[in-house]
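The structures considered in this document are given below.
Below are two complexes that have chain A in common, paired first with chain B and then with chain C.
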Partner chain A sequence: MAVNVAEEMAKTHKAISIAEFFEKNKHLLGYENLQKSLLTVVREGVDNSLDACEEARILPDVYVELQKKANIENRYKVIIEDNGPGIVKKNIPKIFGKLLYGSKFHRLRQSRGQQGIGISAAVLYGQLTTGKSAKIYSRINDDKTHIYELHIDIQTNEPVIVSEDTVYGSGHGTRLELEVKGRYVKGRQSIYEYIQETAIMNPFAKIVFVDPDGEKFEFPRGVDELPKEPREIKPHASGIELGTLLKMMKGAKPKTISGFLAAEFSRISGEKAKELCVLANVDPKVSTMSLTRDEAEALHEQMQKAKLQNPPTDCLSPIGAKPIEEGLKKELVPEFVTAVSRSAAVYTGNPFLVEVGVAYGGNIDQEGPVHLMRYANKVPLLYEQSACAITKAVIQTDWRRYKLSQSAGALPVGPMAITIHFASVWVPYTSEGKEAIAAYPIIIKEVKLAIQEAARRMGVYLSRKRRANEAEEKKALFYRYVAETAGALHDLTGKDKEKIATQMSELINEKLKTMIVEEVEEEPVEQEEIDNEIPDEDNGEENGVEKESGE
Partner chain B sequence: MVKTEAQSGAEIAARLQALGNEVIADIELKKNPSMAILTRALNNVYFDEDAGLIKLGDKKQNRYYINLNQAKKFMQTLLVAKQIKWLLEQQKPALSIRQLYYTLKHSIEGSKEETFDSQDESDPLIEDVEVMVDALREELRLIATPKGVLAGPMVVLDQTGDMLDFTKMGSAGGAVPPSVEENTFEIKECSADFVLVIEKFAVWNLLNQQKYWKDANCLIMTGKGQPARAERRLLHRMQKELKIPIYVFTDMDPWGYYIYSVYKQGSINLAFFSEKAGSPKANYLGFSTSDIKQFDIPRSAYIKLKDVDYKRLKEIEAYDWFKSPGWKKEFAAMKQFGYKVEQDSLVAKSIEFTAKEYLPTKIENKQFIA
Partner chain C sequence: MAVNVAEEMAKTHKAISIAEFFEKNKHLLGYENLQKSLLTVVREGVDNSLDACEEARILPDVYVELQKKANIENRYKVIIEDNGPGIVKKNIPKIFGKLLYGSKFHRLRQSRGQQGIGISAAVLYGQLTTGKSAKIYSRINDDKTHIYELHIDIQTNEPVIVSEDTVYGSGHGTRLELEVKGRYVKGRQSIYEYIQETAIMNPFAKIVFVDPDGEKFEFPRGVDELPKEPREIKPHASGIELGTLLKMMKGAKPKTISGFLAAEFSRISGEKAKELCVLANVDPKVSTMSLTRDEAEALHEQMQKAKLQNPPTDCLSPIGAKPIEEGLKKELVPEFVTAVSRSAAVYTGNPFLVEVGVAYGGNIDQEGPVHLMRYANKVPLLYEQSACAITKAVIQTDWRRYKLSQSAGALPVGPMAITIHFASVWVPYTSEGKEAIAAYPIIIKEVKLAIQEAARRMGVYLSRKRRANEAEEKKALFYRYVAETAGALHDLTGKDKEKIATQMSELINEKLKTMIVEEVEEEPVEQEEIDNEIPDEDNGEENGVEKESGE
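Right, the complex of A and B next:
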């Protein structure tokens, strides 16, 4: 009987396509409600455009337009166009019409997209909610424009081309037109906010946004230089998981185990590879094909323990302190701005770095908590703020040292914006929604160090400003007391009050010319002690990796 | 410096006017306006051993208008000065120093700031004006609120015309009025053999209920802790006019000792007032360390000396007027003993113990610290 049940059940077992899976689980990709879905579509398009431009070393010009469809509720046409390199004709269908197709998944270098899901998922979302195909225009500087209309076959996860055409076109770039169901909002977590935050952290990009009312917003370029180009790196032994190691061995061309280690991992020399094999009781000459699981496990253990240099950090592409300051200046027009770009650190074998920008006062005049902008690989994170490691680090910082008020467990309060950029070859998101960064202690620590440096500078500025104000106020008091003093002198002596007051004011004018009101020494702003009690399991020390990243 | 005869209001008013003219002269000469004020602090007082009084030295400090820390105080000082002049010229009834504060407190035109934020700001300025125009507060027609009460065989003609018999003041005793000058509080008769000054009201009250003053034929007075100016001035007059001994009875602790010295030699802050208010012939009757054994004070009355007590002890030890052999011995004995004793605690022996045994024995045997 049991066999019969199993056979019955077997009839219902079948493979599901990845596209089918995501149709059912689209909330995982940021399509959980109409407002967020519209934002996700725009975000995927803009991220792709910026990635493409940066990779091709082109200063990006990105155009975003939203058109509200008449007579259909919650229906928008989204247009995203860039001046990027364009896409060669034969790749267009798969890039837009096949999930998990892309160049970025197995590559260890910093980019906005990671998995090759984003843009095709946007196409899928559009077709699922409106039944319409996506329209793509692409030019690669060969005087042609290729135009495709396509959608995705949900069963097979393959592109279905509805029409294709090639017309004349000069220059290069890509344009995507997509009809989707969504809701357009203003204010927090809006598309406008996303674009402005993007403009701040990508000051080398020019972005134009036309909202559904036809209003046009221009976000000009702040700097004329692209960030350093990230280089692709091999994985690092520390923090690599056993499963990944096994998969890598299986995928590699058969060779000796020591040769495999030296070739496929960064910071492992031939010498070191042999040493690891000896320590793990594995013959260095044995082929990767004939390694037993136990041997692999022993080797994996030694790889974790080994004292290795940190992975190279040129896989990262920091924005840099100066461009961050420029981005904040052009978008927020603050009275004070500063930014800190830290050198790279490592979590579970992945290099990462943190950059913090702080802008205070000026046109920033909101009341209540500061405006915190979180970024992962230059992409703004608008949701799940409280779950994010960045937010935790901001809250854990004692801002009262830096002249801001802050209640326990909350963001500081004041007319200030903080941008925090987390850059890594692999961003440890807490979920597929890519909205919050996981709170590895080393990440929290690095963010806090960057915040402290930026906040310290701001604190110095604020106390200097406060003292200057006080000095001015103090000068004013000499004039403030003239009338009372002259009145008292009149009562004591019977002399003319107005005359005494005039003479006093003249005297004060004269004396103040030469008076330097208290040039007080700079109050030292204390450097906050980093809580070293946090277990540093991820900073590599336990794994024997040197703390300072070496090249 | 202190005039022995009361000065007329007109004389003082003239000096206030001169003060104003000096400031105006500075302004006209384009100088930073200033006032020179005698420093009323420990570094400008000295102990006049011959007179037995704490006296004010001649160190002065300038108060400037064009100085960030002094501008407001400068203005406030002139406000206090002009108000006192007005009080003197208008022949108004004497005001309390709190009332003076209220007559001057208002907001400064064109700002949210007030001329005075609290009475703590105006009180010390009154003392500044006292030393600047060389006149006492009593002469400036300002009064502090006295706390003292008094009982015993004395008859006084009050400025109201009432005749006060201090044997008939009931259980509350007769109050010490704010002004106790010859013309406001005239001693008509007194048959007392001595004056007993008591630190605390509770102890005074018990003695009054027991009519101790009748049995001992004395005056009993308390300033309820640290005395105000009126109690000190009255005691000074008793010493001078009645020519009878004065005994001071306080707690056995540094604070009690100091209260005694304020009655006797004057205080640091009001050193300019000592000649009018000190009673250098006063004797310290107790409570003292030697009394512990002599009167077999129970252990339950001992209170351990705390850090603040030791600190205060160290301070008063350093005062020149506490450097007699008797006091040196007392301080040493207290430190060795390590405890203090309150005068109230004598009731532990018996309710009548203070009146019937302690005071008569101490006075009879003249057991004083000198």
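Right, the complex of A and C next:
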């Protein structure tokens, strides 16, 4: 019996293309409902534009327009245009028409995109929901504009070019036009919110947004300098899996194993490489090709155990405290602003750093919880707030020390906005939807340290403000008696009444100023203690991600 | 400038294989930490074995063994063997050595696997963490055993065969041996828990599990009949995206558009197909190839609007109320058990049904919340409980009506186990990790209805039990006076004292029995009202998944 059954079953086996996979699983990529889908399309386009500009060292001008299609419910044309470097003609079809294709996946350096799925998935979503091809215009400063209409062959995951044309066009940049099913909303988790939050943490970018009613919103540049350019780094030995090491050895150029280690890993010198080989009982001069699996495993073990320097951090491109403050000032007009940009740390071999901006009062006057804006590699994260390491760190911080009220397990309450930026060569997203950062203890710790520094400054400001208010009240009280007392003194001493009043006012002013300063210095804002139990680098996923406890 | 930049950037663009993608993103497939990873490997193997047996109509015998590797921390050999049909020789390499390959993705019928990723991802995880190839033995009843050692070429996502051999072997079945990094735990979210829960809801399977200490656990068969075989169905018009329709038309065999519609969709007759064409202003006789995009869109709109019968439900393979009860009895030995198997409903064009089993008391004596066991297509879901539609439905049920205590927003409390089975041709998992079901309102509603029917029966049982207890107490009270009263009556009437006592006892028994029945009938368990606002079929994702509100 079973022979036939097995043979019958064999006939049904076949390969599935990644495009087919995501056609059926589009919710995994952020296309869960019409509101989020429209946002995801815009986000993928804007992320790509900003990445391209930054990589080409061009101050970004990004234009986003949404047009509501007449007579068709829930149908929009999305236009995203940038002044980036453009894309060379032969690469246009694959970049927009093939999933898992791109420049960012194979290198270790900070960028918004990292998977090679985003923009082609937006094209796939458009064709799936409207049957329409994407239209792409690209200029690379050679006086030509290449225009493609294309979609994806879902069975093969290859681009299908519907039309192509080249016309005259000066300058450089890329324009994408997509027709998609979606729903446009205002308020929370809206495209406007996404663009405004992008403008805050990318103050070197100018963004113009035209909404479906034709209303135009301009987000001007706040600073005229790009963040520093990130460099590509080699992987760090501490985060490497044995299988990945074996794969790297197979494709290695250096002939000897010690040469390979020194060439392909961060922080392994020639000397250190030889030392590791000796510890693993492997001849440093042996060829990578003739190493046995067991030898490789011994070497891998030594690489995990070795005390190596943390990887270099110039693969990161922080925004910087000053630009973050400028971004907050220009978009929110607060009465107080401060920002902290921490130095780099490492999770499972990946360098990362945390930046926090805090803005208080002024135009920020909402009631209830503070407005928390989360970012990964400069991209705002609008969904899955409670699942994110950033939110956990904010909630775990004791905000009452910094003069804000807070219930247990909740965000603090007050007229305040917090921006928290996680920058890394590889963001450990909890899903392809790229909405939440996995809660590695070292990440939580770094976020908390950054928050505390910024919050402490804000606490000092709030204390001072409170003292100043109190002093003002006292001053007003004293002034009320100045005229009367001056009159009495004039009668008593015969001196000029006006003069006495002026001197008394000056005296009050002077006295109260000293009082404020003294009181603030007397009562500094308490610094929260950070749990020192958390190791500075946590090695591998082993102790890495918070374990789920079920319920 | 930009020409050069664009050309420099172009050099770095390249394709990413799906194996590379998941090498870097293994947490997306359930390989998040060592404990969960070991479970995921076992789960993928057991799911595959059970699917193969059921498809070949063989009562499954599944053997699972974990061996701890000596001298290497966190290293296990996982062995999974079944008596299934085996796999024909030429398909073995791709089934285990290529991601996105299989028989289940392209057809609409209930099975455990659906993506074509699971078992090859387990092989990938093993090679990644240990550098070892997988070993597969397969027999298809032709007196041969084919043995392969293989792993995946990560750059190409193709199998690499390390060794192959054919030896004599009678019978049929498949055996997989994998070496992986993992951590073995007992208790919640353990492999033991996974296997026991599998045994409960797959009572037609015999499972043997040998743990790393060599202890052997046998889960015998509870019923000797397989669930009914599911049939493959055509897609339903109500859930189809325009882009998918266009793709299907391109590859269609029937020449005319009306013939295509009738042949390729559920519940569209030849007559109905013509009617839809006329409504869309399309000639029913026109060829699928010559239809314009706008015509296709008009047709798509009519297909969405049409009042069509729900799809046939013989694509589903429910377990059935009786086998669920047997499964609960054999594994948990409760004092009361009941199960409900509902008829099918439809979400976004996909048929599904819900089955609920409830077991109370007996060997179930835990304190605190009830033990909730969630299943999708007969597979236990051990993680992400709170994100799951099933959990939401349980929490939204008012259990106090059924004599259990419950706090707002929490599971009920009591010595009870609930198994809830969601069966569908396509399970809307919230991630590839396959741990939680998306909360479509129609799914929540169906789960609640099934729970209520089972819970009502349990409520009646608990009421009756309470009455019986009360009656026993009364009876005991009466008995205390029987001897005394009988003595007095004997003195009064001269009749036999023993006889009087017996008659009185019988009378008390009789009277109390009636009392219990009457009281139960007088006070029936209240039935909870179900919100009738939810439409019976919710059309498309549009109103489908609960929207996230952020915080």
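Keep this in mind: the second predicted complex is superposed on the first by the 482 of 551 C-alpha atoms of A that agree within 3 Å, B and C clash if a C-alpha of one lies under 4 Å from a C-alpha of the other, contacts with A are read in each partner's own complex, and residues count from 1 in each chain.
The definition used in the following text is that a residue touches a chain if its C-beta (ideal position, glycine included) is under 8 Å from a C-beta of that chain, and two chains touch if they have at least 3 such contacts.
Since this is a predicted model, take the numbers as computed values, not measurements.
Enquirer: Applying the touch criterion given at the start, work out whether A:V413 contacts chain B, chain C, both or neither, answering first, second, both or neither.
Expert: So A:V413 meets neither chain B nor chain C here.
Enquirer: With the two complexes superposed on chain A, say which partner A:E484 touches: chain B (first), chain C (second), both, or neither.
Expert: first
Enquirer: Who does A:M248 touch here: chain B (first), chain C (second), both, or neither?
Expert: After superposition on chain A, A:M248 lies in contact with neither partner.
Enquirer: So, does A:L59 touch the first partner chain B, the second partner chain C, both, or neither?
Expert: Neither partner.
Enquirer: Which partner does A:I395 contact after superposing on A: first (chain B), second (chain C), both, neither?
Expert: Touch partners of A:I395: none, neither chain B nor chain C.
Enquirer: In the overlay, answer first, second, both or neither for which of chain B and chain C A:P369 touches.
Expert: After superposition on chain A, A:P369 lies in contact with chain C alone.
Enquirer: So which one touches more of the residues on chain A, chain B or chain C?
Expert: C
Enquirer: Of the partners chain B and chain C, which touch A:V460 in the superposed model: first, second, both, neither?
Expert: neither
Enquirer: Return first, second, both or neither, reflecting whether A:K474 touches chain B, chain C, both chains, or no partner chain.
Expert: first
Enquirer: So chain A touches chain B in one structure and chain C in the other; where do those two contact lists coincide?
Expert: The answer is that chain A has no such residue.
Enquirer: Touching residues of chain B toward chain A in the complex: what are they?
Expert: Answer in residue numbers: 16-17, 19-21, 23-24, 27-28, 30, 32-33, 65-66, 68, 71-72, 74-75, 78-79, 81-82, 85-86, 108-111, 113, 115.
Enquirer: With touch defined as at the start, can you tell me which chain A residues reach chain B in the complex?
Expert: My answer: residues 474, 477-478, 480-481, 483-485, 487-489, 491-495, 500, 503-504, 507-508, 510-511, 515, 517-518.
Enquirer: Where on chain C does chain A make contact in their complex?
Expert: 1-3, 5-7, 9-10, 12-18, 20-21, 23-25, 27-28, 32-36, 52, 55-58, 74, 85-88, 90-91, 94-95, 98, 100-103, 105-107, 115-116, 127-132, 140-142, 154-155, 172, 188-189, 241-247, 293, 296-297, 369, 382-386, 391, 411, 426, 428, 430-432, 438, 541-542, 544-545, 547-551
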